[in-house]
Amino acid sequence: MTLESTTEVALSASHVSKSFGVGADRVEVIEDLHLDIRTGDVTCLVGPSGVGKTTLLRLLGGLATPTSGTVSLGDKVITEPVEQVAVVFQDYRGSLLPWMKVAQNVAFPLEGRKVPKAERLRRAQDALEVVGLGDSADKYPWQLSGGMQQRVAIARALAYEAPIMLMDEPFGSLDAQTRFELEDLVLRLRNDLGITIVVVTHDIDEAVYLGDRVVVLGGRPSRIVDDVEVPLGRERNQLTSRATPTFIELRTRVLEEIQQHGLTQQVTGA
Amino acid sequence: MTLESTTEVALSASHVSKSFGVGADRVEVIEDLHLDIRTGDVTCLVGPSGVGKTTLLRLLGGLATPTSGTVSLGDKVITEPVEQVAVVFQDYRGSLLPWMKVAQNVAFPLEGRKVPKAERLRRAQDALEVVGLGDSADKYPWQLSGGMQQRVAIARALAYEAPIMLMDEPFGSLDAQTRFELEDLVLRLRNDLGITIVVVTHDIDEAVYLGDRVVVLGGRPSRIVDDVEVPLGRERNQLTSRATPTFIELRTRVLEEIQQHGLTQQVTGA
Amino acid sequence: MTWTQTIRSSAAASQRRGATPGIMLWRVGVFVAGIALWAVIAASGVVPAGLVPAPSSVVVTLAQQVVTVEYWQAVGLTVWGALIGLLAAAVVGIAVGVITGASTAAELSTRFLVDFGRAFPAVALIAVLVLILGRGLELKSTLVFVAVVFPILLQTQQGVRRVPSSVIETARAFRTPRALLVRKVMLPSATPSILTGLRLGASVGILVAIATEVLSGSPGIGNQITDAQMGANSALSFAYIVTAGFLGFAVNIGLEKLQSVLLRWRPAMGGEN
Amino acid sequence: TNDSAAPDSNAEEELISVVVARGAVNLESAIIAQEQGFFEQEGLDVDLQVTGGGGGAATNSALIAGEFDIAATDAVTAIRAINENMPIVVVAGTKSAKPDYEGEVSDGLIVPPGSTITSWKDLEGKKVGVPELGGLPYLTVVTALEENGVPLDSVEIVPVPMDALVAAAQNGQVDAVFTFSIFMLSALDSGFTRVGTGVREFLPYAPQSLWVSTVEFAEKNPEALTRFRAALELGTEYGNENPDAVRKVYHENTELPAPFIDNVMILEPLDVNFNSKGWDVLLKGMQQTGEVRDDLTVEDIVWEGAR
Amino acid sequence: MKLKTYGPVATILLQAWLPIALVVLWFVGSANSTSVFWPSLSTILQTVVDWAASGKLWGDLVFSFGNYFLALALAIVVGLGFGLVIGLLPRVGQVLSPYLDFFRTLPIVVFVPIVILVLGVGRGPKIFLIFLACVWPILLNCIEGVRAIAPSVFETARSYRIPLGLRIRRVVLPGAAPQIAIGIRLAVTIGLVMLVVSEMYGSTEGVGYFILQSGQRFQLAAAWGGTLLVGVIGWAFTAVYVLIEHRVLAWTREDADVTRTKAVKGDGK
């Protein structure tokens, strides 16, 4: 897999607020949030359920516009999805087009980029092999298990070969083994191709293992409660890295922060 | 929360096979599988993505009929969903009715059981509080985040108050903290109310932590490759239980078994 | 069998392509029962013989007619008129439907015209329209077009509007160009709705073509029916009425085939089993 | 319209396209004229299209739209069109109600078996079915009621499609119906009784079916129209003398059952010319029912060569 | 799909500009018309005013729309009833569908005599004819709507053993509602067209009768006037219907700032 261009890119959100609804129904989800995504980093977003991770990711991807503040790619303010960004949606089922077979689904975004058909299909097949679905190219999404569908969504983003990838709980439905392999795939994407990756995850071990940096969201409206650099180096190993003291220390730290903003918090707050 | 009846029940699958499609498209997913779910146990089903966990759960719930073999509840062969079983679907989004608000979604199954309205709403509200969504009763599902939707689906199964609960990756989209709390909720359901619970999960730590027994599925067509008793007792603690040598030993054992049947296996097999 | 079982097994049945022998048997059964009922009504004299002929006499008459050139000419003229109108309506209806479905401004701007046009009883103006269009193919296909274009348009428009937002969001995220979006996302998603529009339109088209013939005297099935009625020849008029029914049946078979190809991707209802 | 050069040596032939409303049983003289070569004899090359019925209004429209030069239609629709300034004129007749004609009457008021109605007078407070409000049958009924001293507003006149008239009476939806031709004769066959005569008695000489042309055509081609009338005249005579020729026309151009045509059907006399009394009663009837404006005269309706 | 929404003023302006432009164009363009075929718009409108002034308009409206609403209600009930059965039991649909297609295409106009025999000469046949035209869009869309419900929704209802009645009321009908709404929207206006046609036979009053009689009598301005009136009524009914639909189907309007317009614009520049 090669990238067409690995130009210097950096996503940044500055003074971003986002609310839904109007009048009495208005909910402030994100308030005055500032975040710079560094080029070539894996940035992990964690935080309790409902805190606004997906919302933030959609803002970064240009899929939603902030109520106030701006999101920019380099010097360009983003109000629309841009070519340099591929997205894996949390709602992977809903994001697969049911009338297309798996391979077509994966190849579809390339069609919009005018990639020739043979090339499209080759890239789709490659991406499917990488996620372990080489033999399911010819099935419809509903014929696949949940985890397989999720991998199709990942394959689609891979085949798109964008320099920035936004992934919303991409491994949520995968078994440990598959998950490990795809986590390592993400690291390889960063190391070998210099892709900038933002991963939303609820698995703190995963966040620390993958991330060069873990951003913890919390509060209502949400803001960044912690921004943790992960000094584990660029080469990581599922067994050894996870056993280092730094790893354990960081995961405990993040865990504690999330616990402060977790379920119990919400219930008592209600 | 009380149960109307906590009669002796036990689900069992005997010599169950399941295939999809006909002719050349036919895929054998499960072959000659035998499994007894013991009353009052938490049974965890684990296995690589696409192995057939959801399929097995649907068979146990009477939502699908086996191609051969039988599933029975006590002495009764099941070909249909039965009253004693509540299900949390892997596709939680699809299983919430978009035209109903959250509270209505949770209360809806009770309506079918002719529970009076006030009682229904009370039980729905209780269940929502338990999953930390007491203040979201009046929203539509699409106004919730992924993890919140998943919790609504859990709340619905809770409010149904069935003696058997089948849960398909119920905590997949939840953050660590919420997840811990809901895991402990599951354990309380078993301990305090004697509910029989089957949980499909891809998180092996979770399987060992929750399960009285962990059933590992593998192969194509799938069969039971291991059936592990978890001798951690009925009272468990997120911090201490997970640190016991038994826990660590068991999770390593299960992990290795899954790795034997995981992604790499499939890719090379293809 | 319980209700759910029935649903489940029928869902399984519909997964198989085409009609099973069981379905065929049932169809034949319904057919026989229908004909028997008709025969009984005709024979009992509840309805005057002049109005409802016996099925046998209709079959005989139809058999006599199908070997004549006149019959096929009439059928051809009707079908031709309906077909031209229908094709034009399909092209315009789907195109405008997609545009107005995809753009709120376009939909609002055309809303009055569409709602007005849908309710515009063009058939009632035949005497006037003949002044402008004469009684030839133009009149027939124009009226068919006017009657059919709006259902197709609306079905398309609403189908496009109801593309799930998760799907649209995906397309947006990958910056799907407009043409591709329409072709590969909106149209497939709206296909069930559009096909329903076409199925409605196909029958309405034939009906309007026939009505036009009846009312304007332009040649075709409708005209044959008028003749038969003026001659109090009910067997003959029924023969042509039945012909119209068969036409609708045939068109819909075609559309159903199209549907089974276009909607191959859809899982059978009630969950796969 | 086509006045291209004629191949014939004798007379200058003119091509006129003529439409005959098929099924309305008003095409006899023209078809006979065509078959017997009377048009040719008059130096006309007539393109006789036998097209559909569709009612007089549609035929008038098609004529105005320029589909053909001359068309067969019925008197009431022609008058209505002219009343609204449609540019057409009546150029010849086909059939009129002849009070002096000996033959059987083929229209009238009929009642189902067992009815207590025996005459027009009994209609007070009853329901009468007619094929259409405002048509010739309707005008006949109105005139008949008037002449019999039955107040109009005491009778409910309901329009019922032609082929359902008899059945409607049989089912008791209406008490009596005014109908004609095969519908009346077969009703009489099945036990209906005729309790009143028809248009011949109440609207004597009223034109029934006739030929119309556009005003423009009549102005530009008076000669052709005169010849057309002459040929029709010949066809009419021939038809009146040879009933079998008329029957043959019916056999070939209508869906009437053969036995009916041969044995039962009443052949009304054909006539190209009008009796001015007929126009008067018809116009008066239509004016009284508010169908047409009061100052409409025969001169507005009938081409001068046909008055 | 998420829709772009406009403010109330913009919505009205957007809806109004084209019809107003056309009416003005027509008004000006036809002002000096002397043609009997193309009466001027003012002449046409005058006929409607005359119609109203004669006092008949009101009675005609009451008669016609009495039939219309009855028929529409009947069509909704029958269409949904059969639609649910066929949608839920595909085998029944498979057996019946050829016959439904057959009957759908029978020229009902020629059955009028039989209908009159059975239903009499009054409102009956008219209601029946309108009903017959309205029922098909509702039926077909209901079937399609039921079939389009996500399998996961049915699965949920099954697993929680929702009884049939409740399942239809709370699961199937709402799930099929968006598609059913299209069917009813079509029926609303098809019914109007059929209302006019239905008064072609055996009528003495009604809006359709007025139009048809005017046409038959070559009172072209009045015929145009009547049809225009029906068209405007069709628009008005649809507007009311859309309001109702808007409320009933509130849950389908996902509120987010994703707009369709953006989706359409999202081409790779």
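To keep things simple, chains are lettered A, B, C, D and E as they appear, and every chain counts its residues starting from 1.
As a convention for this text, contacts are C-beta pairs under 8 Å (C-beta built on N, C-alpha and C of every residue); 3 or more make two chains touch, one makes a residue touch a chain.
The chain lineup, named per UniProt: A, B = ABC transporter ATP-binding protein; C, E = ABC transporter permease.
These figures come from a predicted structure and were not determined experimentally.
Among the remaining chains, those touching chain C (ABC transporter permease) and also chain D are E. This structure's chain pair with the greatest number of C-beta contacts is C-E. Centroids of chain B and chain D (each the mean of its C-alpha atoms) stand 84 Å apart.
Distance from the chain B centre to the chain C (ABC transporter permease) centre is 47 Å, each centre being the mean of its Cα atoms.
Residues of chain D in contact with at least two other chains: 55, 57, 60, 163-164, 167. Within chain B, the positions touching two or more other chains are listed as 20, 63, 80, 91, 94, 143.
Chain contacts: chain E (ABC transporter permease) has residues 113-114, 117, 151-152, 155, 158, 215-216, 218, 220, 252, 254-256, 258, 262, 265-268 touching two or more partner chains.
The touching residues of chain E (ABC transporter permease), counted against chain D in their complex, run 36, 112-114, 116-117, 120-121, 201-204, 213, 215-220. Those residues of chain B that touch chain A in the complex are listed here as 20, 46-54, 90-91, 93-94, 129, 131-132, 134-135, 143-148, 151, 169, 172-179, 181-182, 202-204, 255, 258-259, 261-264, 266-267, 270. Within the complex formed with chain E (ABC transporter permease), the residues of chain B that make contact are 61-63, 80-83, 85-87, 89, 91, 94-100, 108-109, 111-113, 140, 142-143, 156, 160. Residue ranges on chain C (ABC transporter permease) touching chain D, taken from their complex, read 47-48, 50-51, 126-128, 130-135, 213-219, 223, 226-233, 236. Those residues of chain C (ABC transporter permease) that touch chain E (ABC transporter permease) in the shared complex are 3-4, 6-7, 10-11, 13-14, 19, 23, 26-27, 30-31, 34, 47-48, 51-52, 102-105, 108-113, 115-128, 131-132, 147, 150-151, 154-155, 158, 160-165, 167-169, 171-172, 175-179, 181, 192-193, 196, 199-200, 202-203, 206-207, 210-211, 214, 221-222, 225, 229, 237, 241, 244-249, 251-253, 256, 266-272.
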